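Here come two complexes built around chain A, the first alongside chain B, the second alongside chain C.
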Partner chain A sequence: MSPIDTTSPLGVTLALLPEVVLSLTALGVLLVNAWRHETAADSRLAGWLSLAGVGASLVALAWLAGTASDTAGIPQMVALDGFRYVGNCIFLLAAAATILLSLDYLEREEIRGPEYYTLILLATAGMMLLGGANDLIMVFLGLEVMSVAAYVLAAYDRRSPFSAEAGLKYFLIGAFASGFLLYGIALVYGSTGTTNLVMAGTFFETGELSVMAALGLCLLLIGFLFKVSVVPFHMWAPDVYDGAPTPVTGLMATGIKAAGFLALTRLLFVTFPANAELWQPVLGILAILTMVAGNLMALAQRTVKRMLAYSSVAHAGYILAAVWSGTRLGAGAVLAYLLAYSLTSLAAFGLLGALGRGGERDLTADDLAGLARARPWTAAAFSVVLLSLLGFPGTFGFIGKWMILSSLVVAGQWLIPVVLVLASAVSAGYYLPVIMAMYMKPAPAGAGDAPRLPRATVVVVAVIVAALLVIGVWPAPLLSGTLNVASSLFERAFQ
Partner chain B sequence: MLLGPALAISALLFSIGVLGVLIRRNAIVLFMCVELMLNAVNLTFVALSRFHGVGGQLMVFFVMAVAAAEAAVGLAIILAVFRHTTSVDLKTNTLLQG
Partner chain C sequence: MADMLNLIGYQGWVVPVLLLLPVAGALLVVAAPAPRARSIALAVSLAEFLVSAGLWWSFVPEGGMQFAASIPWMPQWGIAYRVGIDGISLFMVLLTTLTMPLCVLGSWNYITQRERGFYALLLVLLSGILGVFISLDLFLFYVFWEVMLIPMYFLIGIWGGSNRLYASIKFFIYTMVGSLLMLVAILVTAWMVGAATGVLSFSYDHILANASAVGGRAPWLFAAFALAFAIKVPIFPFHTWLPDAHVEAPTAGSVILAGVLLKMGTYGFLRFAIPFFPDVAFSPAVTTIAVVLAVVGIIYGALVAMVQPDIKKLVAYSSVSHLGFVMLGIWAATLQSVQGALMVMINHGLSTGALFFLIGMLYERRHTRDIAAFGGIARVVPVFSLIFTLVSLSSIGLPGLNGFVGEFLVLLGSFGRFPWATGIATTGVIFAAAYLLWALQRIIFNKLDKPENESLTDLTPRELAVLAPLLAGIVWLGLYPAPVLRRMEPTSRQFVESVQHAIPQGAQAVAAPVNEGHP
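The block that comes next holds the complex of A and B.
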């Protein structure tokens, strides 16, 4: 086990191997598209090539995680720790699932342009750099690489006015938020003279912040909270999730949100751990607001896609509650919940996209009535996914919520856990009616056959549902694994 | 030293940009206000790098490159919206609401 020598160019390349492999694949796919971009078969080819690139990147990630030991000495721009590896794993899984779900979706919706897959790969590379960033410059660049690709993806369905409007809203709000983030970076740089998270952290160790640094922290928080759609910075999220093509919505709700949360966690836990009394009240209040408002607004929605969009806002509140704790247990809970939520959400949006047949924006719970009789397996899978979102015991979602609750209770907090449990109870009010419609209502007269799921979608959904159930009943390896990984964040912090 | 006035001016420019985004409803004007925010931050970086070395000036180049990429993508999206609604006014682009 030789630690990677990050002073040589080769060592740096090896330390960034997963990102490098993914970026090179993106360029390769773009090159192939230059010649082959006419037919549906060309689009499929680009999809499979991209999937191979994601697989190669996963292999590189596994190699890196096995080889690299955390390098002491000068902290690098991208971290070499377990927290980054697990984050990267989440992003790559989300990208793989999105690509598989998109294969048939793009064909059915007749969305031309195989560059779609290049954009997914570039967005994923941006997420990986953002989630592993150990330097504020890298935070900004990773965020922008991810966001610029995501703006285009949101507006990708050129014939749909909804998609164009979603792209416009996402772009304007995203650029606005990154302005705040950038000003925060400038002020932290001004007060410490460094953009490195670890070195800035040693500067703030005393627990005292200058006015400039406090303003910088405040602006950084605003920028991040916009990105992860926390109330009151959430207005854009339901509209954008609603209008974007459904597989892209899945990627935005999982990978992009996870990258934002992981970077926020690293920033607060590595750079500002001594100033917790400054940011904890803010995060606590916003977490409570987000859980309450997100769930109440989801109750009021008519269509399933918008309901899932608002529920994604509510889930951001749960994760923010885990960040609030500021402890090792909290960091572990962030990782576990992000993994649980990402898997569940990908399956939910995948099923929605496959069941909707063009009109999935308007799909209501009543449209799913009688699905259990026509397509029993599909209905069962959708039920498991919704129960996991709800946090029902026996599913991965329950384990994630339980970890968040225990991290909060250990930290001596009682208000946030109570709100979290009550908010989850409210969320049953919009998840369960969908399940009831599938199992207890007869199919509406005159409705055509429920669409059969495409094969790639079946594979993705089956794997995810199996993972949700297995981890739900046997969580021990996952719990100890995430806690071990979370402690890597703290070893670095007090180097 | 000029640090105080430079920081004050960039804070002022940034605030004008934020106000513009909040008040105006034309997508192109909104986009220009966002660019104003980014360039105000650039001024902060340049002013601060007098004290902290070239790191701040390096950052300015990254920000300029990113702003250019954002401009390319953003204007293309605004164009796509204009094709559908023949308007870049946010008040008329309200298909998605709730």
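The block that comes next holds the complex of A and C.
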């Protein structure tokens, strides 16, 4: 008898154990904060407690992934498959890294309020529900839990007008996107009578779509594309990424984007696989637009943070190209690239936050001049991170791009891969100047010592850089892993 | 010698050692105290050369691919660590391992800051270049091809001249655009071959045997490969990164760029682009474009070299001219022309490498490369002047020195197929004489009218040690190239035969008598 029986309340709880553990931790941290919220030490305590919660959730996730291979009953609201587990793993890693990076950041910037960590945990729980949602209602709930926490996080630096602007913009656009999504859900429900992704999928199997359902798909797509900042729905992203506290930017660029993409992938691959001729052209064109526009706009930026924000838009284009393929390989590529991009971006924003010393919004590449002399290890780590973003061989980023290219080529596509590689070449034009400044330009006269990285940041960056290099050189286990996991999307539960 | 090498199992371990030794050396250099860096780098690169020297005896000319190995890397994609050496790669490997210790020795006093980084990057670069020349897996090849960009980028960008930032990023992006398109082409080729044969593999042999499966896509795929290699060679009009990179790079960087890196482009044509898609490569349209661009490169490079006030830039443009001969020889696809092209690749590495070293030595003394700043220095630095003259003559192609052998074979082998183009290319030799002799006259001869030049010191023993191996090669290949030609002949013959079916019949008939006349 399997412990996970979706017909019993206990079984459902166990099936959601990672999310449950995380949510309970969030509430626990909130409770602790009710008594202890005044000093910096209290804030740190909340951070460490949250980190412990993330760890516990990871353990629960590992247990679930090991046990859930034989389940009784039908998973209705949240899926029980590898795709969800890997997604959850990405979110939890992103949350752990964000918490570690925030510990010293908040202290340095004198951002008070230990509720910060509660919000990170809630946002993460939302991501997990969204990424694993098997039902449109759960998609919406997950999205809202995640987004509401993220709106507050974006505006968390109360003394910064930019942070307030970020929060407001994100909220307005987010509300707008949620509206689209909700209408889409309503229309799909109206035409099928169900909100379950798999059951709706059996309804659309014939490949014929009523006008109402097609409109529903269209609105759902718009809602998701807003969330993952695909051109032309990207306008909010640079300002929000730029204005939010840097660790929060890291979380938004990685976890939130990943959750959106995973839910979108599941929706298209499980519910609408037979209607590919309807959504593929849209995704293809938008992917090309996003890659080209994102990279060109990143090229024009002066500050590193804004450059990374626009480059995050460009990366959304690469991932969208993988979703376009609609194949098992494509789903594997989405997973691999999301993992690669999340790790890399977290390290990039972590380094930026630590190096910027509060003024990181205005940090330009030239402000990093001479860093290789003063802090050789930091400069080397930042270079690896940038090269991985560029997709250079020997790093995880290249393996991700390689999988995306493969999935496109196998699908018989050649235009998108060519645009993708040319766009990558453009991206060299803004990643390399940062490396160039660190290694090839002398430190500006009169500049103080380069800041030393806090210990927690060192740990995060070192682990990520090591992972990028190891997977870049020895990707075989990861490749077969993501492909196996991707298969889980193609096994229909109700057939 | 070969027996002795077999006794120690040389064939089995030579390739992995060649690839790993420099990387291990680089780690050692980074860990060592800065003043020791250069000695360790020299020791490692010398050891590398000694290890590779065994290839000369151990290599069996008729043996096809040798020293081969295959270790799975990403088995689910058919990607493996597959390596091997044949008559084409043998000399590229030897040229690379010969150049590297000289580069270390040549940088001995020139590099005074961040020595550890410099020598570590040189050693990593050595591994990367060797990897390009010996990989027999397209994925592996691509990885090496890209990875070796990074050390070169840093070498130019950190230790280069005043305009180094611009030059380094231009070099990087130019190369990257070409190679990324090649990556797509590699993927498409491998998948189409995989779909046709049922075996997904990036193995060179597998794809070579079934390349016809790409069908109508062949022209596009060829174009993508060709663009990557054309930028690297560089073929006119993709050459504009070259003068910047060569001039701004430190001496060692220029020597490696000219001596070895440019050959990666022509090597790519010989190894991948043409054998995979011979029907496209030798179709009338592509042949016309390739031959015209080769000849334009020869003449244009020479003419632009003639008017350069900067001696380093002059040599840089002369590379465009020399590499044009290689392209002409490859596209003529007769036994002589291909062997000639390979010889030009080796000779250009020796002569131009030596020229860049000499210019670097001059620059270390005067801190200028302006031709007008010199004059009449033969009286002050006789040994330098003698060597400079000798190397220039070799670059011009004086009979008895190495340059002559390669260019003569190319012209001889190409004349039958492209009489007009070959005729025009021949004038390139005359232009070469013009720009180099003229420069020689202005630097070494003329009047000693600048007081700064009167106190120049002649070559030191260390500098002589840098130049001596190159000079030996220049004279040896000029007088007795037979051992080299013998080792590359079977591979060249195999290349020519494998593409012969794609060459239009009329042209073949013209080529045949030339083949018989000069066996």
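Everything below uses one rule, namely that the second predicted complex is superposed on the first by the 485 of 495 C-alpha atoms of A that agree within 3 Å, B and C clash if a C-alpha of one lies under 4 Å from a C-alpha of the other, contacts with A are read in each partner's own complex, and residues count from 1 in each chain.
As a working rule, a contact is a pair of C-beta atoms (placed from the backbone, for glycine too) under 8 Å apart; a residue touches a chain by one contact, two chains touch by 3 or more.
Worth saying up front: this structure is predicted, and the values here are computed from it rather than measured.
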item: Contacts of A:V409 with chain B and chain C, given as first, second, both or neither; value: second
item: Chain B versus chain C as contact partner of A:A41, first or second or both or neither; value: neither
item: Which of chain B and chain C A:Y439 touches, first, second, both or neither; value: second
item: Partner chain in contact with A:V418 - chain B first, chain C second, else both or neither; value: second
item: Contacts of A:L31 with chain B and chain C, given as first, second, both or neither; value: neither
item: Which of chain B and chain C A:D242 touches, first, second, both or neither; value: first
item: In the superposition, chain B vs chain C on chain A residues touched; value: B
item: Intersection of chain A interface sets (partners chain B, chain C); value: none
item: Residue ranges of chain A touching chain C (in the complex, touch as defined); value: 387, 392-394, 405-406, 409-410, 414, 417-418, 421-422, 424-425, 428-429, 432-433, 436, 439-441, 475-476, 479-480, 483
item: Residues of chain A defined as touching chain B within the complex; value: 137, 140-141, 144, 148, 151-152, 155, 158, 161-162, 164-169, 171-172, 175-176, 179, 182-183, 185-187, 189-190, 193-195, 238-240, 242-243, 301, 306
item: Interfacial residue positions of chain C with respect to chain A in the complex; value: 73-77, 142-143, 146-147, 150, 153-154, 157-158, 164-165, 168-169, 172-173, 176-177, 180-181, 183-184, 187-188, 191, 220
item: Complex contacts: residues of chain B adjacent to chain A; value: 7, 14, 17-18, 21, 27, 30-31, 34, 37-38, 40-41, 44-45, 48, 51-53, 55-56, 58-59, 62-63, 66, 69-70, 73-74, 76-78, 80-81, 83-85, 93, 95-98
